[in-house]
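Consider the two complexes below, in which chain A is the common component and chain B and chain C are the respective partners.
Take a look at the complex of A and B:
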């Protein structure tokens, strides 16, 4: 389990590094090396660290522990074939964590990042709608059951492609430099993580690596079924490349536009699932 | 934060994580219990190790309030 955890952390960070590199190359910049996010995590571990004077110390430190803890739990839930609802709950908890990051430091930039995290909660609705669409077909929300269903009936990606698109939008909203990355846009310095530097930021980087790995793994298991491990890693890489293209070619939206578009997607998905429910 | 405390935290977290994994591999500890220990121990290990290296014991700084 420890090896699994370390592999997920470093592979997730490597995917984020590839994401940055691809975006840079599309935009005709040299970009950082692909292992930049791993170096970032190590670099921040060696930076001087303290808690700001204005911070709520318990929340400031505790939220980093919770951030790493929830995505560690998510990894074990996915790899053990646990419930999709738990993954959904952890995804919601991450929203609260972002909010906690922003509010704990006392910095106005962090607070704005935390507030934006709350107003972009519309990005969760497509996730629960795609979970509902999956449940209609598989009659179960256990990932192991969903994988078993696909072994018999073929990938859900072909059966319910709109649900896959909805979850893909969720992935976009969680990738850095994307159209929905309003929580850490440059006018807020680094958004909710502005004041978390040094070891705290290293912890946040680990959380980001785990989160990327878990979300991509969940997407593959739920919509493509149980693949050999090397093929899962290849699929993760391909999905990351596609996300990088989307992020590189689309501007970051204003908070209002971001929420509006996510709400429209959520509305379309609700209509789709309602029709699906009536037809089946 | 005192370095001795962070070192103790790191060692306890690492020790409990490794012990849980070892017991799990010997089929003494069930998977869910091992996962539970790692979910708690991994964040403590990460922060404890980093703080042992770089935590300051002096005064805190003011946050970034703009240019």
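Take a look at the complex of A and C:
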């Protein structure tokens, strides 16, 4: 498990580095090296660490541990074929982590990053709609059952493509520099993570690496089924590249536009699943 | 579909009321517990704000009496939340959720700011209204199926009316502050991070649990 955890963290960070590099090349900039996010994590691990005077100290530190804890649990659930509902719960609770990061420091930048995180909660609705669509077909939410269903009936990507699109939108909303990345927008310095430096920031980087790996792995297992490990890694890379293109070519939306678009997508998905439920 | 949150790990029986822990409910329970501990051990942050028109800033400090009241409400909220996460009884679930709504109102209404209190008052009205469809849903389930036990209802032998499920979701939407009431940013940017976070955490947790309840029924 420790080896898997380390691999997931480093591979997730590598994917985020590739994401930054691809965005930079599309925008005709040289961009950082692809291992930049790994270097960030290592660099922050050895930098001076402090807790701001204005911070709620226990929460300021504790929320970092919670962030790593929930995504470690998510990795365990995915790799052991556990319930998709638990992944959904952890994904939603990541909002609380962002909110906690932002509010605990007392900084106005962090505070507004945290508030934006809460108001953009509409991005979670497409995920639960995807989960509902999957449940209609597979009659189970255990990832092991979903993979087994696809072995018999083919990938769910071909059976319920709108659900896959909805989850892809969820992935976009969690990628940095994307159209929905309002929580870490530049007018808020670094948004909810502005005041977390040193080892706390390294913890946040670990969480980001794990989160990226877990979400991409879940997407592949749920919509493409069980693949050989090397093919899963290749699929993760390809999905990351496609996400980078979307992020590079679309401007960051204003907070209320972001929420409006996510709500419209959620509404369309609810209608789709309602129709799916009636037809089946 | 009975094990959508994973296979139950163990049951705790109090007469005909059963509490059950599955990987899903135990995850939610533990998170409510962890954040309740944060509420207990944390001092609130001092929010820094810019003084417009001057080269200065000021810090918002929470008074001791306000701190005590909000900490009490937050812990009560955490306990209600833990109850709502693991209960196997539909009526208990609605009771715990309505208690979460009451505690959330208390957490934000204690802030000495006109804007926050206005937002808290409006949210309080919605939360009060939300109890009606929620208890109506529990009553409909009891009347049509003869039981309120989620474990019995999950067996699938008794059909739960669609209207009861819809009313339950509607009620929980009214009780939860986030995400459907999140546009009232006054509440979420109020000082007192450990307490404000309990509002958004409890709201998201009850939404997650009601999703499981609806899929199980």
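FYI, the second predicted complex is superposed on the first by the 280 of 280 C-alpha atoms of A that agree within 3 Å, B and C clash if a C-alpha of one lies under 4 Å from a C-alpha of the other, contacts with A are read in each partner's own complex, and residues count from 1 in each chain.
Everything that follows uses one rule, which is that a contact is a pair of C-beta atoms (placed from the backbone, for glycine too) under 8 Å apart; a residue touches a chain by one contact, two chains touch by 3 or more.
As the structure is a computational prediction, the values presented were derived from the model and not from experiment.
When both complexes are overlaid on chain A, the residue A:54 reaches chain B and chain C alike.
By the touch criterion defined above, A:107 lies against chain B and chain C together after alignment on the C-alpha atoms of chain A. In the superposed model, A:68 makes contact with chain B only, not with chain C. Residue contacts after overlaying the shared chain place A:135 against chain C, while chain B stays out of touching range. Of the two partner chains, neither chain B nor chain C is touched by A:263. Looking at chain A, you'll find residues 53-55, 66, 73, 105-108 touch chain B in one structure and chain C in the other.
On the chain A side of its complex with chain B, the touching residues are 1-2, 5, 44-55, 61, 64-69, 72-73, 76, 80, 105-110, 189, 194-195, 198-200, 202-203, 206. Every residue of chain C that touches chain A in the complex is listed here, in rising order: 1, 3-6, 23-24, 27-28, 31, 34-35, 38, 41-50, 59, 178-179, 182-183, 185, 188-189, 193-194, 196-197, 200-201, 204, 207-208, 211-212, 215. The touching residues of chain B, counted against chain A in their complex, run 17-18, 21, 24, 31, 34-35, 38-40, 42-44, 46-47, 49-51, 53-56, 58, 60-66.
Against chain C, the residues of chain A that register as touching in their complex are 53-60, 62, 66, 70, 73, 77, 82-83, 85-86, 88-90, 92-93, 95-96, 99-100, 103-108, 111-112, 114-115, 118-119, 121-122, 124, 128, 132, 135, 139-142.
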